[in-house]
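Pasting a structure here, questions to come.
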């Protein structure tokens, strides 16, 4: 497997791609040495995913050439790419959720018209791959039941199963615990040793520095720099990405916690299938503090936010909030919780926080659409909505500041600003906030973090859920860790470090280790 | 000068294999005999009926024959607005000085074929399959039942209706299932008054070796050997007569009721079914027919009191 | 009593045959993500083509071929609109139903001059009942005889074909490469595309199969169950098939059961007409007629719960950020 | 994003026009195939629909029904529901209208009967939509199936009521007695006559105005009330609706009631405006055509009015055509309708990309 015929696995020459008015890729050149791990970084929307999709044949470039192992190839579909030995793990997984792992892996490489023939062979091959790269996963499991970390392994298995010599990973660590990420990088290393060329896209400079051989930087559709990883550092890369110097730390003072405003006791929640997603969760939230909830996604954080905010009724337990006791027998829905001055920035702005088909000014009143501020006697007061939206867009630097633009057409960061502005400007007593900076670039993150701290300093109680450990550690005053629907640990911010939290998140923590961590 | 006649068919269209088609046959004959062309029109909904009537009247057509009871209210309106135009309405009655109404004694014809069915039946069980459950169809069913009971008082008459949408007159599949179900309950003769649905009924009878009775026009030819007879309603003759009278200037408004006595309804005996009719049956039929005409047998009309208590 | 039941079941088989074929047709289409309310039109078009060709060539088999060809052509139009041009699936289905309703009669009038009907079919132009081996000999054996010779034997070949199609469909959908891709493309076309498979090709194949099955259903109507074409003779069966498909949650066996249920209720209604019920007296015809529909609603409300279709159903596939 | 550069008239004018032209072209082929002259036919079709005031009256009369059913389908669609039961709801709505007229025609003046009948039609239509709506909202029963079933049930119910209870004495057909004139909705030609406007005799009546008012009602309700906001949220993103504290089930039920009510107003046009008695099958497929109207009208009241007029024109022009050339059967008109739905509905994108590309390239050059 290791005999290399050509120094570069992939060479790109003058690749350009435009979507309507957006020039996503502009005349891009790139050379990836064979058998290396090559990092690509860049702000959101810089064009990284587009470029990878072109290599993978998902999009066709408007112009430019691609060579694999020195041979110019024409890649017009993913099929061509797979033939050329390219595999890709997409930013948004390309899995059929109600299929088993095995079916997903076999899709497109079934090995015969009847599944039966292929299944045995596939099982065997998967077993081999699993052992060789320690990629354990239950092949019979249904994908939607798997945690994202395992779903990602399925994606990698898919690529390897098709004999990929070049593996592209688009933001693979966004959803992983530090331990899972470490495991992933070990896998990538062993792939590299087997001669596989890896292209790794990530926003986390730390990962770039730790695991790549070379790194290329994109900005606004252009390739702006190439560096040998050993010759560069975080600061330089950040500056290359954004085009200006960035501060990489949040400034905040010591918290001044006051009275408890919300307390939850023994909250449990069973989902439609009868699975217990929340297991007797209790917590207290004080005014003037940020309580961080750490955990790998899918361990009950979403359910916790949904139950606290009234979106889904709890199965048992109770919440005390604003002088009311809320329980399974005396539930309150999301609108009622809002009336009690609880605001909620949901984890998923597309699925929940916004109606992407609405114009911005409409999306900016979601959940508050019944409020007197936006309603006349009979009809909604469009002018009031627009005026307020204009104001907020100015205050929060939403770009473009056009209240009539469809929400879907704002970039992720700007969509997030619309949601956060909506919730914060209601001047709530409690703010639940999930994944505030998911998919948001460095510049915007800075802004959002500042706003959250400001709110805390104004005496609000904030519950922050994030899978980004960096973010949890940077913002929280107190941290709770959730695993499998239950609270498995609590630490103060000053005691927290990545390793302890990471182990807690994987439920591999036992008290004895605590002290020296 | 020649007359300028027109006809408006009802929504089943002129090729409905029964009633409208009868009118069509009458017209074809008339045109063949006199060379006078007749303007035809096939409206597709209630509004078009009135629209077309009005347009024909405006363009000086007269007489205008409207086929079917569904035209009643439209004819009523248009006839009022065009008093100089002659209208003939078939199957419903309007009392206006320029309207002729022609109705048939379907119950008499149905009685006759009911009698024949009873004679032909070996199981003393016969069937009736109607299209939509509307008074006109019940009229057929009621007359049929009386005829059957007249011959075999303890006979069983199984009655079914096809459905409640317009499709009820166009659902041969359902017709065939209904027929099969009646056969399985012992019926061996079945009378269908159900338009296109009847096609399925007759087919089922043929497939299972039973007998069927056609309706409106003579349908004996559809499956010779299976079709016991047809209850013919001589709309063709009626239509022909209307045009002829108009042509000779003898057209009269008012009500005309056509029954057995004037050949307006009858049972059909021809080459296609003569093998099924014994001399004895024929004699009995002639006898019954004569008795109805003479009034010795009085056939109850369902329409007279909306019930079938005879 | 037992005999009546057998006869009702016998009718059930006949009545549910076109539903089964059409519902399985819909299953292929909808599993691939293409909504098909044009089952009705394809069936009607197939019925016309079958009867017309059978009348002209005197062979039911040639009729069947023409039915399939006609129905597949309609399916391809649907595919062209929905797959190639990302049109609205429902509008396309409505269009096909409308076109066929008019075109069959128009062509029928032009060709046969019998008011839009085709000539009545006889002999080899029709699919006739098949007597299974020993059916006659076994007829008098109690219970078994009746079941075998009345219920199982004596149907035409298309009835047997329809029932055979159920396991075949199950096998094709769950045990073959094509089935895997079919299911995947209805759930997540992006996944299929990135696996190097053409989404359009899989979907086209699905709608073609759908066309074939609808064609057979149509041929059954006009050349097996009946003996000729009559305008609008599909009489809403396509919609009932669609209902059965949803009822059966897009899975072959439950879909079969749903079709049989509809067929059974229909057959039952036919036999209940005019029967007096103790204590109630004679039930109005209309009350019996609505029985299948009312029962369907009740069953749906009581037992079936939510029917969740393939995830990507009805959505045009465009490459874009998911 | 690319649309910004393409002139508006291309999208709302040129492309739809091309699609309709293509539909007519293919229809022409069908005409040729059966030996008719397509040019002559097109002439009659267009003249019939728009050529004289009576024809226009008929076109608008048909459009009235289609506006009601189109709005009905559309409002449900806005909430993500596919109401295929417009036919049955219109049928039962007509029953409501008819009952009001039969009860009050000899005791009350039109000014009182008309609003009562409108309310009656809407209430009955809404009631017929209620059970499917309730089952969808509370039990998850698929609304497509239940509304199909309710169409069948409505037919049977109507036949039962008409034949056994409502039929007038002494007539063959299952129709009720004709209402007194106090229960006739005025024809527009009668309304206009005193002002010296002569518009031809047609069934076009005040229900057309009601239909236009419903468009305004729809527009205000859907886009300008907080309830409409909830409705659209439920329709486009049910999860976001839950997040916003909107009761999806309640919205589902209410929107179906409104949908059924709108469909029920077909009865006002047909029963009170035109037939003046209660009869069977007056819905004549308007409920189903409403689906195409709603979708082709892009679920916007103006679009729905335009699409309804297009279909109305086809109904009326087609009737004219079949009337003037007796060898042309009404069914071929159905074919034309189908082709129009196909080309300007389902295949609307066929030219779109290419033509937009053309304009974009020109704009870029």
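Each chain carries a letter (A, B, C and D) given by its place in the written order, and its residues are counted from 1.
By our rule, a contact is a pair of C-beta atoms (placed from the backbone, for glycine too) under 8 Å apart; a residue touches a chain by one contact, two chains touch by 3 or more.
Just so we're clear, the structure is a prediction, and the values are computed from it rather than from any experiment.
Comparing the centres of all chains, each the average of its CA atoms, the largest separation from subunit B belongs to A.
The distance from the centre of subunit A to the centre of subunit D, with each centre set as the mean of the Cα atoms, comes to 47 Å.
Between subunit B and subunit D the centroid-to-centroid distance comes to 36 Å (mean Cα coordinates, whole Å).
A straight line joining the Cα centres of subunit C and subunit D is 29 Å long.
Centre-to-centre, using mean CA coordinates, subunit A is 46 Å away from subunit C. Under the contact definition stated at the top, the residues of subunit C that touch 2 or more other chains are 109, 116, 231, 236, 286, 289.
Counting partner chains per residue, subunit D has residues 152, 156, 159-160, 329 touching two or more of them.
Multi-chain contact residues of subunit A, defined as those touching 2 or more other chains: none present. In this structure, the chains touch in the following pairs: A-C, A-D, B-C, B-D, C-D. Taken together, the subunit A residues at the contact with subunit C in this complex read 49, 56, 58-59, 77-83, 88, 90, 92, 94-99, 103-104, 106-110, 112-116, 118, 158.
Taken together, the subunit C residues at the contact with subunit B in this complex read 4, 7, 11, 14-15, 109, 114-117, 120, 129, 221, 225-228, 230-233, 235-236, 266-267, 270-271, 273-274, 285-286, 289. Looking at the complex, you find that subunit C touches subunit D at residues 77, 80-82, 85-88, 90-92, 94-103, 105-107, 109-110, 116, 231, 236, 239-240, 242-243, 246-247, 284, 286-287, 289-290, 293-294, 296-297, 300-301, 304-307.
Residues 13-17, 21, 133, 158-161, 163-164, 167, 170-174, 176-178, 180-181, 184-185, 196, 199-200, 203, 207, 222 of subunit B are the ones that touch subunit C when the two sit in their complex. Here subunit D touches subunit A in the complex through residues 1-2, 4, 220, 224-226, 229-230, 232-233, 236-237, 239-240, 242-247, going by the rule given at the top.
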